[in-house]
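Structure in structure tokens, see below.
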Amino acid sequence: MKIISDSLSISTRGFNDMKDLTGAIEKKLSEHSLKNGIVTVFVQGSTAGVTTIEYESGLVKDFSELMERLVPQHGSYYHDARWGDGNGFSHVRASLLGPSLIVPFKDGRLTLGTWQQIVFVDFDNRSRSRTIILQFMGE
Amino acid sequence: MKIISDSLSISTRGFNDMKDLTGAIEKKLSEHSLKNGIVTVFVQGSTAGVTTIEYESGLVKDFSELMERLVPQHGSYYHDARWGDGNGFSHVRASLLGPSLIVPFKDGRLTLGTWQQIVFVDFDNRSRSRTIILQFMGE
Amino acid sequence: MKIISDSLSISTRGFNDMKDLTGAIEKKLSEHSLKNGIVTVFVQGSTAGVTTIEYESGLVKDFSELMERLVPQHGSYYHDARWGDGNGFSHVRASLLGPSLIVPFKDGRLTLGTWQQIVFVDFDNRSRSRTIILQFMGE
């Protein structure tokens, strides 16, 4: 049983920018030569989240519009009144979606569906360089 | 320390059909004779999710109505415009709720509250046969 | 590789009362002398949830207002009609946010961002004493 701490570095544009991490995580899994276990995908930071989606341009826009509808960018936020960051909406979206995702793997492959990708969504109000934690546990 | 890859097969009617998985997962846990660890419940597919709820008919309807209110079935979705599947709402609901749930177990029992059940919610717009991944890690 | 079942006991006031668990979890991690692995934070019960947030008073209020907007306390709930508990909104909020969070740790430290705290949110409609499950897996 091994525990392997790894990470991915990506650049994003913020404003719901959604990045498909699936290929990069599969590559890491293959490099670590693990067969069975879980990978934890964890967002280090409070203005981004992770989930899965069928990664195609229509749904990428649909998910972005949902976030804008549920948590409007130009709504009124105590965070902005207090700190002037202007990214209150980013924080609230991130807390709603959540920072952690666990994906099992079996026989060396992630147990995703055919049309299911692991995505990182950057909710911040500017471009960011991001480190995403990957923790593999398995054998 | 063991890693056990298992799964459940269920049939659903779609449209927020909510299934209580608790008994089936407890049965698997007992069969695998594990005492302490975690089970990962993972949805293979992009139109369903997992969470916990007090599984009684009132809340099953309340949760379904929430989903309809936040992500209306007959809203306008780029996914539908592009692919004609008519299940854009299903995908967006699934991404919002999330595909993975981790439940610890201790002394051979899931650490759920008395009125807390593990549920699978099928958001698709048709009946489906579903495979739900269960990955046990423990001893 | 060790599996350590632990827990935290806290008191809350309900109504979206948000508690920062980060310091208490870091203390437990240090006591258990683990270097690398994951901790599962799990809500035992069906009227509270966990996530991460920048824990400052503005965002605490912003998140509370989001919950009230998405799932109004004084909305109409089948749960309340059937059981008279008056906390239908609490259950639905809890299922939406989710009961489990996994945080990796590395070199004895949680892999959180600088402005990212682990929080428990009690959605119930009264004061509660809560047990939060912490399950450490690592070495």
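First chain written, first letter: the chains are A, B and C, and each begins at residue 1.
Heads up, the rule we're going with is that a residue touches a chain if its C-beta (ideal position, glycine included) is under 8 Å from a C-beta of that chain, and two chains touch if they have at least 3 such contacts.
Source: prediction; values computed, not measured.
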When subunit B touches subunit C, do the two copies use mostly the same residue numbers, with over half shared, or different ones? different
Once subunit A is fitted to subunit B on CA atoms, what angle does the rotation have, in steps of 5 degrees? 120
So what's the Cα centroid distance for subunit B and subunit C, whole Å? 20
By the touch definition above, subunit C meets two or more other chains at residues 1, 70, 98, 102, 137
Counting only contacts in the complex, subunit C reaches subunit B at residues 1, 3, 5, 40, 42, 44-46, 70-71, 77-83, 88, 91-92, 94-96, 98-100, 102, 133, 135, 137
Over in the complex, which subunit C residues touch subunit A? Could you list them? 1, 36-38, 51-54, 56-59, 61-63, 66, 70, 97-98, 101-104, 106, 111-113, 115-116, 137-139
